[in-house]
Structure formats: structure tokens, C-alpha cells
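Going in written order, the chains are labelled A, B, C, D and E, and every chain counts its residues from 1.
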């Protein structure tokens, strides 16, 4: 197949998505969006795992990304709970407002 | 378990026991500390024995027990004729400090005396340790109680001074720590005699650059402790702010850790580097002598004056060590003791004055001779000893040091002449101070009814006076036991062929 | 065909990713994220990850994102207000760093796999539920059990933090 | 591939204790007091016993958990961390009326995760363990739900933690891609092939992930905020436990699997270690909150550990372990004092609040002094031996420059430890501060810590021998 | 022979009075003080008789004082002919002055203190004299300086007295600085400090080797001697030293201590004689001092100051003697000077005592009828110092001048001129005090016998002391020559002329002196103010040193520079810390940016380190 997409393109896609996640983390001001950016980064990592798995013809990568999903779920539960408590305390979700401790 | 171990650990035991004493019973605590320190002192006198009768010149009371298995760190202590006297100096001054603090310290009495004894433990340990690791431990152990003594019982700016003292000395000592570790990595041992033997035989091969760096690492620690110009500025602050006992221990014993370190470790281990640096060291020492004296002259504060005088006096000691010949080194050791006695005495007396008047400013005194004749008489004697009047202790040390430096190829006559101006200057500032404090008419009403020495203060000051006279008249009592050890150190210093032949001949003539 | 699918869904994923970053309303971002996930599921499928593609849709898009949306709704989070004083460092350095980071990673990937093979749909079929299950419960038994603890912690943690009374 | 289960017995004990704590809490009548902490003690002691029994047996389970001496030593350190943390948690739980069962359960879960992390020989397991302990600690950090600072700390810690986990995971993905495995032995095999193509990006990303967890500069930013906001017992717990676990894994990965590529990462680590030591101390100087100050001190201590890690010789392994142990005891002691001093009305957290502590609570002041001096590296406290060991390793490995930076920064750090000492002893003026009474359990824990500090400082031989014997097993 | 008893006895006196004097009655104090010196004198006499002609040195060894390497310094005492002279002078004159002091000090408080210091002085002086090596000599040397310091500052309520004490000690220290360097040089060169060893070695040195080193040693010793014996440029302390009680001025600052420099040079003659340059220097310094001090003495109005400058001047003579090689003449003059100068001071003391502390000549006059014994004894002393024929001064001074003539005639002429001035100002003082009308307000009275007795004894010695042929006695030690009767008479004549002029100025034509002074007011002022030397020293040395130390070294270098740097490091690092902590902005996004920054840096660095693998 001449026009097949090389595996590295998948990896670069994942890198782009990872970068977008990082950008979201840095540029978004809503905590929940920031948290979602992390999920985007994890997705990007998953794509990397799957791509490598394909290249290696192994199933292990799939299992790794499965674990990542589990971890993501757990993080989401805890993270959203933390966000809830923060919101209860401050009535805001703007990340710039959560900076009372500094220096 | 030798007598030396007992001398080292008695203060520690006393420290622990004091911690267990009830803190309200001041009298018990005081008496106990006095008793313990006196017992330690008496025990330490026993250490003279071997030096007096057989005088081996090598280390005696040698205890070498494994402490930490790997890396091989030993509890290795012993004394030779040099450390012997410094140990005795420490043990002598501790009971004196206990006595002088008897009434002055009225809060946290228990802790004060505990720290004092802990300090003694550290100081004695420093002078006995022959394992670098152990040495460093003692070195730092002595730092902490002194820090508290200054910081808790000191005067107005005590905190600044305590912290300054602590950081200054610690900066030096950590560099020494790096040096120690490096040396360990090269030699596989912390044992000082073994390292020395290795360096001597060449089995521990160090490049000359490494030697120089190691020398400087050790030197940094010791020079700060001495203190050598321009690293001295912690000293006036610490002295001024410390309580009397703290000042005394600091000046009399603690500064000697620096010079002792130079003499015991720094120079014998790296003689070539020492010789390379000798010019610089000597220059700094001489600057310190003159500078300390000049600055002392214009101090308005008694304690500060004495403190700067210490800078000057310790400059002499360094000079003696740097001259690397027998008179210089013996003089240096002797001057360490002298300075311990004289400056210790000065601090005691200044402490007594400031106890009475709650000020240390010279201008606040005047005319005391009429009010407190005995105190002033003692003051005079100690002052004279400090300015090196022949017949008193200071003279012998200064004489030997200057003689040594005069004959040394590093220094020579011209440098010595510079250094000797310190003798003139010391007379100037001490006598001027003495005049302003004691002579003339009483200018401040508060001074008119100051009490003279009481019994306790007599007890404190008499040993000092006795020592100044005995050490001045019979210096050989002290020089003879140390002589073989000094010779040993010198033979280490001059072990390499790099000494020019004529120089050796010249110093050989004097040996 | 494979290439086409890749380009369509890769493009969609990148678009949704960008949208996530650009949108100011969290719901929009959440929906974009779901879009990314869906696109990626297709790509997973293309790479032979049947099971993982399904899990992506069910677990990730289905469960996790629902949780997000739920919380957004619960907190009634609106669009971000006008930018307040935030971190200037982050604002200016961020884009530079990001570019540097991306460039580095891409360069390294290219350098690492200079002549990588093309992806052919169906050439790797180890990603079925059966394969995954077999390996998961033998070789990866311990990690699997460990995740149970992880989830337990998540539950306990969420309860501790979010429960009502006290 | 399952083999023996023995290697996971210690963490299983702790997990069981955690579950028991949860169950106990669930069945607790409102207002009833249960000795839940006791369950934790039992579990931890069980872990300790099993670890001791496993000593020298080099057991491994599932191919991914290695109960080698290195791991077991860290396990024991973690047991100590756990025991002390639980002991000093009492006052905070009492005062803040925290859910006791959940609190201890989370703490025990976190310890189990830490133990797993310390003994794992597979990057995936390390990642999972990392998540376990992180999630538990995030929750513990924010467990004072009503506290603005506590929740802010939890949020910061959580967001940044998750962010850096993603980096770490990305690194794992690259490692996997290049080696086809996440097992350290396999990675090492590949890494040691000449001209190995193990991607440097993988090393870099792993380094970032670990650096974040050990709060190395510039990945340390979360540390002061999280430490300040968390309850002091939790701060003590995470500054020691998380650090110990992370360092154990860090050391295991970099000193075995990636050791063949040492040339590639050593210079980076050099800079990171230097920056960490310097920044931790220098910024620590200008702090006024004790917790924050100790946070920066903890960053600096991380720097010393990095120095040992960088040295990567046989001395260094022992040094890391011994340092972790002494640091755990010392720092927990210090945070224990902080925890004891905190009241609902006053945080008693600024340096100034310590004025006159000596006259009010002499024993507490003495203990704090011991802890601080040990942190500063003063003989005959354990901290000195630890530091000395680290510098020894560094000099042996040919990093005298770093060692000098290390000793000098430790002087600077002494400056800020002394500020507290100064306040406690030397500033006696002003209104007498109100200090709460010391609970018996916490007091005992602190005293035992102090004794241990002296024990390790004066007679360290035994423990040093153990630490030195704890080589990371080659697979 | 137990030489040690000679110094130890006064030391015992010192200890007893010093420790218990406060509780003893004045009688007891005097008993111990004077008794100890008397015993010492007696023991000295007995010893000297026992030793006979002293053809060779008699040495007693006691113990090793300092043993350092090969250098061994022991405490030895020795007696030779030179020492014998000194012993007699010191103990004899000392005894007389002690006795005198009983009366003079009777009214002072701190009586015991005075006597204990005086006894201590005797101890150190005797140690100095008896010493058999340089270092023990140095002990005595500094010890007498100490006592001088203590006794000058005896009136310790007076600022100027204690100032003078400090000045004396410090200026002496400057001299001792040279002395100690000389000692070091001797040790380096000869390996010993023992007189016999050093001098034998020096004599045995070939001339071409010896000149340089011996010159250096001698010049350094000279520095010490100028300090102790108040020669240019270090004489400034002696006039001020008159702030002490008069017996002190007599004993220490006239008869004994200040002559120690001369003694020391005579003792080291073996070194000096082989160092011609040093000898010339000694002579020139001595001559210059003699001359300048005499000129200052012309215009002083304080009776003690007059005698003080005369002491400086006379010491200059002794230096001149030593410098021209006439050591025995120098010692001879030392002895006679001890007699007549002690007498002058004691007499002046009697006058002051009789006038209740008045020292200003302008407040005296016509005292002859009130205190005849004092006046007559003083007259004898004045004659002696003027070199009036057949008085003691005639013999000794002329011995020096004759020797000077043999060395260089111009020295002789200056010496003669000085002798004339000496006669003038001494008699000026005598005339002003005893003749004419009493100008003061006190009630003059004669002193008690305990004071006049010593005066009379000393008067006898001043008159007849010249017949003790010291040069002959010392001949075995110092080879000497030079006899010239004519020159002797000439200088005696000049002396008589000086007396005559004084008579004209102050008795025959009163008022002449004042108009003369007015006509040469510039010169007069210069002389009256002692050439402003103290002021110059103060402005050129003392003030710069003090101010420089205070403002430059202490405030500038110590507090400013060094502590500035140290504290600067402290504040700077705090400052750096303060800046670095600002990075910790509290904002999560910034933290994240840092993480990214770190990652990029790490990746780049690893990339570079790994050679972009």
C-alpha cells in the first residue's frame, strides 16, 4: 500500500493532541476545562500506546490504555469532588482566583 | 577505658544528670555543676602524668574503638603534649565559668549549666579526637551549646550575634567536612594517624592541586574559628553579646579550636600547600595583629575591646604556627594557653563590672580604683599579662612566637618587625582602657558604691592570677611536656625534600 | 482508504482539540472533548483496537464525560468572564514553550521512526476483547487488582470530599 | 507468571488494615469512639514484620513486584512514616472533626501504594502505584473541606499532579514503544545494547514525572502551596512518604533500567539537583510561615537526595535509603510539633508564633530543636550522618562541586531553621502565646522520633549496614 | 653567695605590703618596705665584700626559665665590677630614697601602695642589674617600666598623671620593640642570650662578618636604650613623668631606671665597640639630647620639669660617653648623677613638701631662711651638676668630655656649651627658689629629719663621690685612655660662668631675665613649649592613628566593608530569595508553564547530552 499512513503520523497526531491538552491547561481559566485538558492529554497518551501496540503487534498497549482509562475515571471522581469543595468554599471556578497561597 | 575517656565523658554524664534534676532547685543545680566540673578538672590533671615523667611525645591515653562499622569510623581519642594543655585549659575554665554564672544567671538555670557542661564535652572532645569524623562531630557539638548560651542568656543584640556566630563558623566547618570526606575517599579511613602515615609514605597520593584545595578547605574552617582577618567580624559581636561564661569559654577555649586545628591537622597533613600559602597566611595574621589592636583601641565597649584584642592575640598564634619552627610553634601553643588565661580573666573581670553596673561602656566607668581596689588590682594584673609583661604569662608566648617568626624563612625579620608593633599597640589600647575605667575621679554616681570582690569572685579570679604568674615564671613546666610533641609535628611539617637546605640548617640550629 | 479515514478523523480530533482550547464555555469544551474521543475511537479501531475503541466510547465518552457534564451543570458553570490578571508568565511563555515542546516531540518521533511502516487496517487483530481479557487476567493480574484499590480510593475520596453532612 | 505472592504481603497487610478501618467506620455508632488508629498500627506492624521476614530473600511476585532489600528498606521507612503520621494525626482529627475512619483508610491506602511503588519493577505498576498514593494524598490534602486553603491546596496539588502524571505516562508510552515492554529488566537489556535507540524523550519525560513527585526544581511549584494548605500531619506524611516512595522508584528506574544511559541524564540531573538545593534553601530563607519554610526545606532535602541519586554508586544507594529514613523521622517530628501546636483559633504557623514556646512548653521546644538541628545536619543527630553519607557518595562519584553547593546550602538552610529556634528560646517578650496541651500519643511519637534521631546519629552502624546492603537487585 | 636574696627581699616587701598593706599601720608598712631594701643593701654589701676584687665574673645559676629547642634561657644572676657599681647605686640610693619617702609620703593616702610599688621597682631594677642574659635583663627592663607606669600614675585621680603613666609605658614599649628585635637577632645569630656566650662569640667574629650584624644588633639595642633613657626621639615621656611623687622622680626617673639604657649599652659594650656606626649614632644622639634638653631646661618654670630636662640632658652625656667609647666614664657619670640628681629631686621634693605641693618656681623665692638644710644640700647638688671643681660631677662629666674630645673635638665643644647651660638653669632654679623674696602664699617649713637625713647623706656623696674612682675600677672591663687636665678645667670654667650668669640674671639684676626673654620671644616660646614636640607627635602620630582606627578601620573596614559584605550576603540571599519566591505566584497556570518549561529544558538538555540520538 503506497498511500498507507505511516505509524509515525499517528504518533505525531498524539503529540499534537498532547500539546493541545497542555495548551488548554495553560490557557483555559475554568477549572473544569483545565481538568478536561488533562483528559485530552491522557487520550493522546492512549493513542500513543495503541499506535505502538500496532507497531509491535502486541496487545499490551491496549491493556495499558485500558488502565489509563481506569485511572482517568478515578482521577475524574476525585478531581471533580475536589473541584466541588473548592467551589463550595469560593463560589468560583476561575482558576486565577484560586491563588491565595503564594510566594 | 582510660583516664582520658573519663575526662571526656564526665561532662556529658553531668549534662545528662542535670537534665534530670528538678529545675526549680537552683542551688542543687549550681552545686552539682560545680562539683562535676571540678571533678573533671582534677581528673584532667592526672593526664599530665605521663608527660611529666616519661614524656613520650607521642599520643597517650589512646582509645581506639570501632564506632560505625562502615564506613570505618572509630572512637579514637588520645592526647599528646599539645592537646594535653588545651584539655586542661578547658576543664579549668569550666568550673570558673560555673562560679561566675552562679548568681548572674537567674533564669533557665538548669539549662544554662547543662549547656555549659555540654560545651565542655564538645571542647574537650575536639582536642582529643583523632578520628576525623569524631573530630567533626565534637566540633559541631561544641557549636550548639555556645549558640544557645549566646542566644538565650546574652544581651540586647544576642540573636543577631548568635546567628552570625553560628553561620559563620558553620560555613567554615562544612567546607572542612567536604575536605574530610574527600580525604576519606582517597584513603579509606578517617583515622588521623593513619591518614598522616599514608600521606607521609605517599600511599595516599594527592596531586599538589588536590593538596592545596584540601588545605584550603580545612583552613577555611580553622581560620574562621581563629578568627583570622578578615573573617573575624563574628567574634566581637558574639563576645559582646554573650554572657560572661559564654565570652570566657568562647575566647579562652573555642578560638583555640581553630589554631589547634591548624597545628594538628592543616599544616602537618599538607605541608607543601601550607608552605605555598604561608605568605598569605602570615600577611593576614599580621594584618590581624595590627588591625585588631588598632580597632580595639577605639572601642567604646569593654567587651568589644577585649574581643578585638583577641583578634590581635590570635594573630600572634597563627604567626607562630606559620613560622614552622620549634620556637614559633611552642610559642603558639603557649600563647593559646596564655590567651585562654588572660583574655578569659579579662572577660571575667569585665563581666563582674557589667554585673555591677549593667553596662559595658568604658565611659560609664572611671575612678574604680578607689571604689573597688581589689577588683582593680586583679584587673591590672590580668591587663599586664595580656599586654605581655615579662614575668607574666603573655610575655613568654609572644617572645617565642616572635623569635620563631624572626628565624623563620617564611617570615623573617621584616615581617616580624611588623608583627612586633602589635606589642606596642596592645600596651596602648589596654592601658588606655585601664586608665579610663579605673583611674581618675568617679564620674558616675552609680559607681560610687559598687561592691568589691566577694568570696565567690575571689575564688574565680585567684586561679587566673595564679596561672598568669606561674606561667610567666615557670613556663618550662608547660613547655617541657609539649616539646617532644611539637618536635613530632615539626618533623611532619618538614618531612618533604622541598624545604631548602639552608633553611633546614638554620631551623635545625635552633632545635 | 485507510489514509482517508486517518486524515478525516485526525483532522476532526485536532479540530475538536483546538475547539476545546478555544471555547470559553465549559460545555462546549466538554462536547469538543467528546468529539476528540470519538475520533480517536475510530483511529483505535483502525489500529486494531476493537476492545479499546469500545471502551473509549463507553467508559470515556460515556461515563467520564457524563460525569464532567454533570458537574458542569451542577455548578452551573458559565462562560469564562473577561480575562483577569492571571499569570503573565504562563500567557507569554506558554505558547513558546508549547511550540518548543511540540517541535521537540515531533522531531524525536521522526528521528525515532524514520521509515515506519504504513498502517493497514486489519493487519493487527490482537486487540479483541478476548485477547485483551486473556492477557489482562493472567499477565496483568496484579495491575488489574491494583486498579480495584485505586477505584476504591476514588470512591472513598469522592465521598469524603463531597458528602453532605458534617 | 504469578509465582509467589509473598512480595506483596506487606502492602496487603496495610491494605487490609485500610479496609478494616473503613468497615469499622461504617459500623461505628454516631458518637462512638473506636480505636481505628490501632487498626492502622496493627496493619503497619504486620507489614513491618513481613518485610523483616522477607529480608534477604529477594522474593518477587507477578514478575513486577520485587521484595528485594532496597524495596523492603523503603517499605520499613514507609512503615515508620505511617506509624508516626497516624500518631500525630490525632490532634488534627480531633480538632477538625475529620472523618476518622476514612482519614486513616486513605492514609493506609496511600502507604500501600507507596510500598507498591517502592517495590515495583514495572513502569505500569509504578504508574498505578503513583496514582494510588497520589489520589489518596490529594483527598487527604483537601480533607478539611471547609478550609479555603486546604481545598485550594488540594486543587493545586491535584491539577498539577494529574498534569505531570500525563507527562510521566507519555514517557512510559515511549518506553513501551521502543522496548515493547514496561519491565525494568527488559528496558535495561535494551538500553545497554550499544547504540541503543531508547528514546531520549522517554528518559526526559520520566524524569519530569519523577521530578514532579520529588518536587525538584522547576517542578516544585506545587509543593509549598500544597504543604501549607494541608493539615500538618498530612503535610508531614506527604513530605516524607510520597518523597520516599517516589525516590525509591526514581532510584530504581534510573539506577538500574536507565543506568546504561547515565551519560545522557547525569548532566541534566546535575543542574536539577543544584537548582533544587539552591532554590529550596534560598527561598526558604524568606518565608514567614513555618509550614512553608519546611516545604522549601523539603525541596532542598530533595536536592540532597537527587545528589545521591546522581552519584549512583554503591555508597549512593545506602545514602538514599538512610537519608529517606532519617528525613522521614525528622520531618515528621517537626510537622508533628506543628500539628500539636495548631489550634482552631490560631494556626500558630508563622515563625513569630513560636516566640516563647520554650518557657511555655519546654519539652516541645526541645524536641523541635532536635528536629530542626537534625534537618540542618548537625551531629550527633541522624540528619548529620545522612547528609554526610550523601556528600560522601557525591564526592566519591566525582561531584565535589555539587557537594560544596550542598554543604553551603545546608548552611543557609540552618539559617532558617535557626529562626524558629531563635523564636522559641530567645524571644520571650510579648504576650504569652497560648499553646494547646500535647496529646499522649503524639507526645510519645515525638519523643520516640527524637530518640531515634539520636540513635541513628550516634549509633548508626546497624542501620547503615542494612542500608548499604540494600542493593537494588539486578534482574 | 645567694645573690637572689638581693632582689627577692624587696619583692617580699612588695608582697607583704601589696597583699596586706591595707590592714597594716603606716609604721609597719614603712618597716617592711624600708627594712627589706635595707636588708637588700646590706646583703649586697656583704656579697660584694665576700667576692672581693671581682677579677672575673661571678655567676649563680638558678633554674631554666624557657627551654625551646636548642634555645635555653635560664635565670642566672651574675656579679662583675660593672654590676657591683650598679648594685651599690641602686640599693644605696634606693635605700636613702625609701627613707626619705617615709616623711614625704606621710600624708598621702595609699601609703602602702606607694611603698609596695617602690619595693617592686627595687626588685625589677635589681633583676635588671644582676641579669646574666638579655632576656632576664629584659624582664627587669620591662618590670621597671611597669613600676614607673604605676608610680607616675600614682595620683590616679589626676588625669595628667595617669596620662603621663600611659605615655611613659607606651613610649618605652616602642623602645622595647627595638630591644626585642635585637634579642631575636642575637638569638638568630648566636643561638643564645647568655651574656658571656654572646659577647665571646661577638669578640671572636671576624670583623668582615661582624660589622653588619653587630651594627644591626647595636642599633636595635640603642632603640631600646633611647626609650628607657629618654633620648631623642623617645625622650618625651620623661618630663611628663614628673607627675609622679617626687621620690619616684628621684629614684626612678633620675637615679636608677632611666640609666638602665646606659647600663645596658655598657653591658653590651662588646657588641657596640665592634659596630662603629652604631657607636657614632649613640654619641650623636646623646649629644643632641644633651644639648636640646638643656635648652628646654633654660625656660621651664616648674622646678621638677627643670630637673627632668636636666636629667634628659645628663643622660645624653652618658650616651655621649658610651658613644665615644668611654663606657667607664659613662658609668661613672651614671653614679655621680644618681647622687646629685637624686639629691636635686629630693631637695625639690623637700621644697614642694614644705610648700604644700607648690612646684612653680615663680611662686617660690627666699626660701633659704625657711629651709636651710634643704637649701644648702641643694646648693651642693647644683654645684655638682654644674661640674664645679672637685665635686662629683666635675670628675665624671669631664671624663666624658675629655673622651669626646679625643673622639671628635666638635662634640667636646657642644658638650661644654651644654655644661654651661646646665649650670645656668640649675642655678636659675636655685636662685629663684631660695633667694630674693618669697612670692607664694603657703607657709614654708623645713622637712623632718627622716627627709633631711637622706638629703645630707646624698649631699656628701655629691660632693665627694667623684673621688670614688669608678673608671679605674672598671678598667679591666673597658679598656680606656684619655686624660686631659686642661680640657677638664676649661669645661669647669664654663660651668662656673653659667652659674655666674644665672646669678646676674636672677639675683643681681632681677628683671633682666624677663626682658631678655621678651627680646627673644619667638625663641623663648619655642623653648618654653619644648619645641612643640609633643604637639607634633600628637598631630602626626597619635591623632591619625586613633582617628584612622576609629573612622577608617572600625567604622569603615570592620563595620562597613567586612560586615557589609557578610550581612550583604545575608540580605542579598534573602533578597534573591525574595525575588525567587515571587516566581511562586500562586497561580496554577504559571506552575504548569514552569512544568512545561522544565520539560522542554530537560528534553533539550538530554537531546544535547545524548548527541541527538
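Quick note on the criterion: a contact is a pair of C-beta atoms (placed from the backbone, for glycine too) under 8 Å apart; a residue touches a chain by one contact, two chains touch by 3 or more.
Model, not experiment: these values are computed from the prediction.
Enquirer: So which chains count as neighbours of both chain B and chain D?
Expert: Shared contacts of chain B and chain D: E.
Enquirer: Which one of the chains is closest to the middle, using the mean of its C-alpha atoms?
Expert: That would be chain B.
Enquirer: State the pair with the higher C-beta contact count; candidates are C-E and D-E.
Expert: Counting C-beta pairs in contact, D-E comes out ahead.
Enquirer: Let me check something: if the centre of a chain is the mean of its CA atoms, which chain is farthest from chain C?
Expert: Centre of mass proxy via C-alpha means gives E as farthest from chain C.
Enquirer: Just grab the chain with the largest centre-to-centre distance to chain D, centres being mean Cα coordinates.
Expert: In terms of C-alpha centroids, the chain at the greatest distance from chain D is E.
Enquirer: Distance between chain C and chain D based on Cα centroids, please, to the nearest Å.
Expert: Chain C and chain D have C-alpha centres separated by 31 Å.
Enquirer: Taking each chain's centre as its mean C-alpha position, how far apart are chain B and chain E in Å?
Expert: About 36 Å, centre to centre.
Enquirer: Measure off the straight-line distance from the CA centroid of chain A to the CA centroid of chain E, and report it in whole Å.
Expert: Those two chain centres are 96 Å apart.
Enquirer: Where the centres are mean C-alpha positions, what is the separation of chain A from chain B, in Å?
Expert: 65
Enquirer: Residues touching two or more other chains, restricted to chain D: which are they?
Expert: Chain D, residues with two or more chain partners: 124, 128, 131, 135, 138-139, 142, 145, 155-156, 159, 163, 197, 200-201, 224-225, 415.
Enquirer: Would you pick out the residues of chain E that each touch at least 2 other chains?
Expert: 581, 583-590, 592-594, 596-597, 599, 603, 607
Enquirer: Could you tell me which residues belong to chain A and also touch two or more other chains?
Expert: Each of 11, 18, 21-22, 25-27, 29, 34-35, 51, 55, 58, 60, 67, 71, 74-75, 78, 81-83, 85, 95-96, 98-102 in chain A touches at least two other chains.
Enquirer: Using the touch rule from the top of the page, what pairs of chains touch, sorted by label?
Expert: Going through each pair of chains, those in contact are A-C, A-D, A-E, B-D, B-E, C-D, C-E, D-E.
Enquirer: Applying the document's contact rule, which stretches of chain D touch chain E when the two form their complex?
Expert: Touch residues, chain D against chain E: 155-156, 159-160, 163-164, 167, 197, 200-201, 203-205, 207-208, 211-212, 217-219, 221-222, 224-225, 261, 263-268, 271-272, 279, 282-287, 412, 415.
Enquirer: For chain A, which residues are in contact with chain E within the complex?
Expert: Of all residues in chain A, those touching chain E are 22, 25-27, 29, 34, 95-96, 98-103.
Enquirer: Under the stated contact criterion, what part of chain B meets chain E in this complex?
Expert: Interface residues on the chain B side: 164, 168, 230, 232-233, 236, 291, 294-295, 297-299, 325-327, 330-331, 367, 369-370, 373, 384, 389-391, 395-396, 399-400, 402-403, 406-407, 413, 416-417, 420-421, 423-424, 427-428, 431-432, 435, 438-441, 473-476, 479-480, 483, 509-511.
Enquirer: Using the touch rule from the top, collect the residues of chain E that touch chain D in their complex.
Expert: Where chain E meets chain D, its residues are 570, 573-574, 576-578, 580-581, 583-584, 586, 588, 590-592, 594-595, 597-599, 601-603, 605-607, 609-610, 613.
Enquirer: Give every residue of chain D touching chain C within the complex, in rising order.
Expert: 1-2, 8, 15, 22, 61-62, 64-65, 97, 99, 102-103, 105-106, 109, 112-113, 116, 124-125, 128-129, 131-132, 135-136, 138-139, 142-143, 145, 178, 197, 199-201
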